[in-house]
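In this document, chain identifiers A, B, C and D correspond to the written order of the chains, with residue numbering beginning at 1 in each.
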Amino acid sequence: MNHSIILGNVGNFSDRYMGCSYQRDYSIHEMFDRVRSVKGVTGVELVSNWQITAKNCKEVKAEMERTGLKLVSIIPDHFGIKVYGKGAFTSKDPKVRAKAVEDTKEMMDIAHELGGNLVSLWPGQDGYDYHFQGDYIEERGWFEEGVKQCCQYRRDVNVSIEYKPKEPRNFSYPANVTGTLLMIDHMGEKNLGVTIDYGHGAVAGENLAESVALCKMYGDKLLHVHMNDNYGHWDDDMITASIHTIPFIEFFYWLKKTGYSHYISTDQYPYREDGRDACNESVRWFDILEGIADKIDEKRMKEIWKTGNACEVSAMLRDVMFGDKTE
Amino acid sequence: MNHSIILGNVGNFSDRYMGCSYQRDYSIHEMFDRVRSVKGVTGVELVSNWQITAKNCKEVKAEMERTGLKLVSIIPDHFGIKVYGKGAFTSKDPKVRAKAVEDTKEMMDIAHELGGNLVSLWPGQDGYDYHFQGDYIEERGWFEEGVKQCCQYRRDVNVSIEYKPKEPRNFSYPANVTGTLLMIDHMGEKNLGVTIDYGHGAVAGENLAESVALCKMYGDKLLHVHMNDNYGHWDDDMITASIHTIPFIEFFYWLKKTGYSHYISTDQYPYREDGRDACNESVRWFDILEGIADKIDEKRMKEIWKTGNACEVSAMLRDVMFGDKTE
Amino acid sequence: MNHSIILGNVGNFSDRYMGCSYQRDYSIHEMFDRVRSVKGVTGVELVSNWQITAKNCKEVKAEMERTGLKLVSIIPDHFGIKVYGKGAFTSKDPKVRAKAVEDTKEMMDIAHELGGNLVSLWPGQDGYDYHFQGDYIEERGWFEEGVKQCCQYRRDVNVSIEYKPKEPRNFSYPANVTGTLLMIDHMGEKNLGVTIDYGHGAVAGENLAESVALCKMYGDKLLHVHMNDNYGHWDDDMITASIHTIPFIEFFYWLKKTGYSHYISTDQYPYREDGRDACNESVRWFDILEGIADKIDEKRMKEIWKTGNACEVSAMLRDVMFGDKTE
Amino acid sequence: MNHSIILGNVGNFSDRYMGCSYQRDYSIHEMFDRVRSVKGVTGVELVSNWQITAKNCKEVKAEMERTGLKLVSIIPDHFGIKVYGKGAFTSKDPKVRAKAVEDTKEMMDIAHELGGNLVSLWPGQDGYDYHFQGDYIEERGWFEEGVKQCCQYRRDVNVSIEYKPKEPRNFSYPANVTGTLLMIDHMGEKNLGVTIDYGHGAVAGENLAESVALCKMYGDKLLHVHMNDNYGHWDDDMITASIHTIPFIEFFYWLKKTGYSHYISTDQYPYREDGRDACNESVRWFDILEGIADKIDEKRMKEIWKTGNACEVSAMLRDVMFGDKTE
């Protein structure tokens, strides 16, 4: 599997209480160095405004060349500037909706320029907070309309949608993997797909291995993966595999089984950890988890699936994880 | 709105600890009387094996005539007999899968015979419990295949699918409203739609008003509604509106807005309450909630939606709920 | 009931994505005016650093005199400055722990100076994020030790602890109402009690009416109340009663029943609403909810409690909420 | 660690839909054989009515002698007979409350007779379902009163309380570890302690390792442990470590650190698995998890705790779990 890091993950973080940030800021130059220092990482992902703009494009290109890191995707900043505070693609204001489309197109051009072919949308401010706050059909219609325009702008850059059930809005568009696939199916654009953020799916109550299967089943639509772990109730954005182990093994197993060949990025918020070290830990766990998934014998797996015996599953996992063959 | 009751709701209940049941059993005759005693209820819903079989069909028809209650739907029992313990439409055993289809067809015939036109599927045992227990793509394929056969069997009876995120399986097929719509879209059968169970959707993290909108937006697929309340984490199957108020008002508002014209059934598990009284309370709350939803002025609502001001929503709700116009 | 507002609630807000804030900043002068404009509010609550420091103490006093607002409590800022990023009372660094105590004592003095008698601790950064990150017994010991020192510093100012299950730490000390009461019991300081934040308790899975009862039962320890609403999974800090209705009625009923006589403050994060209006809406709902709670007849309530019949509860609520006496 | 199995875990199971049970019934004789067949298990736990009564006491004793299994505890059946449907220790009916005490005393005598010294109370039906359904202070008073009488009946048998946040009641008494410790502290009986059910605590939002620490800190009160796994939202009662790994390692680490010396029982509901095999899998995982916990070097752990660096925790876990020392 190809491993990458979202550049800002090795930087500095704030939350609603610690507005002054938990650590110190890092320059883009420093952050590229920090990413490069993580063994096995070959790609980097950028957020517009935060790390990439039309203005600093050359500087970023130089950093990529210097470090040999490939551009995996650009995430247009539809969530961190005031104008999008009440929605980007679904703002009540048509001018803001138009701007969301324009900003995305600009990032599609920049992604292409930087040698990438993916823009990953995370519509964090699209959704609602309160009951009776909006017309769901109209707003979701705006969302589809805006994304369609982006897809049609240029076919050599793919667009993928990262779903999340909530935060920063209390209800987000789209909220889960099937909601995203349904929307994509409805839009019918060929260069449109899904970004799975493991933690977002977990908060949505999904078994992410099944989510990967669903993306395969309904159009082979998985274009990108973001990784982190959480306790199941909130997007804690922790080090991958710091809480769960088996669910990740099944996830990697299904990525492999469905022929996933794109990048896997860390996507974390290490408020109180060193960001570089926290990403490094995730990548180190990727290696272990992929290794265990690789050890699963296809024949044994299919034999178990004939009856679905959970005790045989358990024994198989004891074996591939810890070499334990006790019966 | 048309109100109905699932016949068993006025009966007796057990759970995994109280296998001997909490109360006393009621005969079908008694249960019909208990339903009829609830003011404003004109329909009844039946579960196969539990209340309706090929054998007692005439007896049930006589009860319906005696009480004047219309058949709203039959729910084939895919969850309460041993053969379906590990799945009905998605059993690993092809014979069991075939039986699930046959049982459904039989209930389509009986529904027609009893003057109904809906079979509402609740695939409670279809899903899985453990990681690595099955091939999600294959199993979901079986599900679609089986349901398609039912739909094609006769077009004068509609088939609807009631989703639920979990219980009795730890992961169910399908798990939420968009997963159901995606599946339906994929199957392409005209007489196929969705049953929304309010509580199931709430456990899936949905705002049910939005779920109604989604059913409208993606094919006008809402065929039936089951009502109950819960605390948000589990399918507690309590008296409607015993916990929540505003979310239900929005739900009824959207049912009306989208032109929903089918039945609304209670679907409860009043373990420790008198079942008839618990259903009666739900129906009494339907009246109140629908009344409040009706009081919402369309013009005022659209004015609020222009900006989505949550404080104006709050003031409107204080007004329509309690006549409070304080600013 | 006495109503108050946390001053910052009528100000400006940021979150981890929108670090630049959603709206514009307000001066302290403006915020006092905004609080005063909410009918029925007689008190104000301050957060150190954010609104009150040793330096601006006179200015704040002047504002209180100008607006006639009483000081309800000061919340020492143990969560928004870098030094406390990894804990205040439970920092691994003894110097930071000592500073948390000193900062609290300073705010006790200032509270007294401003005519108040309560410092409400919200130990937001006290807790942990990852498994194996700390020695729970040692850290909780530090917490008790620090709070004891504050209590003993001066007995004419009460100290109360606001619990929360998580955020900003993934696990907080203390996490729920019984954890707080247990700790208080263990510490044995007379001027120590509990601040209930309704939303925190809801996320902890509590029925807040029962939490009020527990505070009464185990030492009559409820000293302060913070109000807001959420969807049950996260501290959404929304307008009170924008989602729930009945749970709040029961909460106010138990406040009254247990003789609660302190203040009830709004505690919200209206990122996208006007803060003043969002607080005003909460206070307007306080009036309605308290009014309904007052309508509950003690005799009827006790009659119902003899058997605990949920259908009678439901009928009673239809009556006191909507004047509906249908049977 | 000493391992045991709740006898019924190797039997047959039903739920609210599958009232007819998922599998076939097993005789007590068969169940004892099934428990004995699990390597390393030396103890058995019994539920009154379900497996042990005054009448079959000799038969059970003979089975224990035949199989060499020690009695770990008896769980009085306060949850599976009609009379307790609305509460045992907290029934509104004083006669039922008295019966709950008498039934417990009888089981204390039988436990003693069978060579045991523990009765583990799981007050499943004590609690409430709806808002306004009861007087929390009065009902909790009844609970404490009843349990006190049991404790005082004979001091040579310990009594422990197993908490759970919900199910079968929507709110249970007591709901979490601190609620139980607070209650125990209030009662002041020396032979009274806590039974931790791992899954119950997980649903209550606890990190169970911290719960073990709390039991140590507030009176050294942990008397018994029940093991199973779940997805974090409901008491799924699955094979231990089928979902989580690291949280269990930390749990075992803290059991050892706090000197826990009592039994660890499986407590599962393997509806669709062979019960014997499902318990066997849990016990096999106990061995693995305890082995990993044992590998944690005390010095390294304390070094990490000095700063609480989560990346060092992660690296340590990669090492002790998989021998991975990559940096």
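Operating definition for what follows: a contact is a pair of C-beta atoms (placed from the backbone, for glycine too) under 8 Å apart; a residue touches a chain by one contact, two chains touch by 3 or more.
Not measured: the values here are computed from a predicted model.
Asker: Hey, what chains does subunit B share as contacts with subunit C?
Answerer: In this structure, the chains that contact subunit C and also subunit B are A, D.
Asker: With residue numbering as the guide, point to the option in C-D, B-C or A-C that repeats A-B in over half of the contact pairs.
Answerer: C-D
Asker: Report back the single chain whose CA centre is most distant from the CA centre of subunit A.
Answerer: D
Asker: Report, in whole Å, the distance between the mean C-alpha point of subunit C and the mean C-alpha point of subunit D.
Answerer: The computed centroid separation for subunit C versus subunit D comes out at 34 Å.
Asker: Just curious, how far off is subunit D from subunit A if you go by their C-alpha centres, in Å?
Answerer: Comparing mean C-alpha positions, subunit D is 39 Å from subunit A.
Asker: Find every residue in subunit A that makes contact with two or more other chains and list them.
Answerer: 86, 129-131, 166, 205, 231, 233, 238-239, 242-243, 246-247, 272, 310, 313-314, 317
Asker: Please give the residue numbers of subunit D that touch subunit A in the complex, ascending.
Answerer: Residues of subunit D touching subunit A: 39, 205, 231-233, 238-239, 242-247, 270, 272-274, 277-278, 280-281, 284-285, 287-288, 309-311, 313-315, 317-318, 321-322, 324, 326-327.
Asker: Mind listing the subunit D positions that touch subunit B in their complex?
Answerer: Of all residues in subunit D, those touching subunit B are 13-23, 79-82, 85-86, 124, 129-131, 166-168, 170, 231, 233-234, 236, 238-239, 242-243, 269, 271-272.
Asker: Help me check something: in the complex, which residues belonging to subunit D touch subunit C?
Answerer: Subunit D reaches subunit C through residues 86, 92, 128-138, 140-141, 165-166, 171, 174-176, 178-179, 181-182, 185-186, 204-207, 209-210, 213-214, 216-218, 246-247, 249-250, 253-254, 301, 304-308, 310, 313-314, 316-317.
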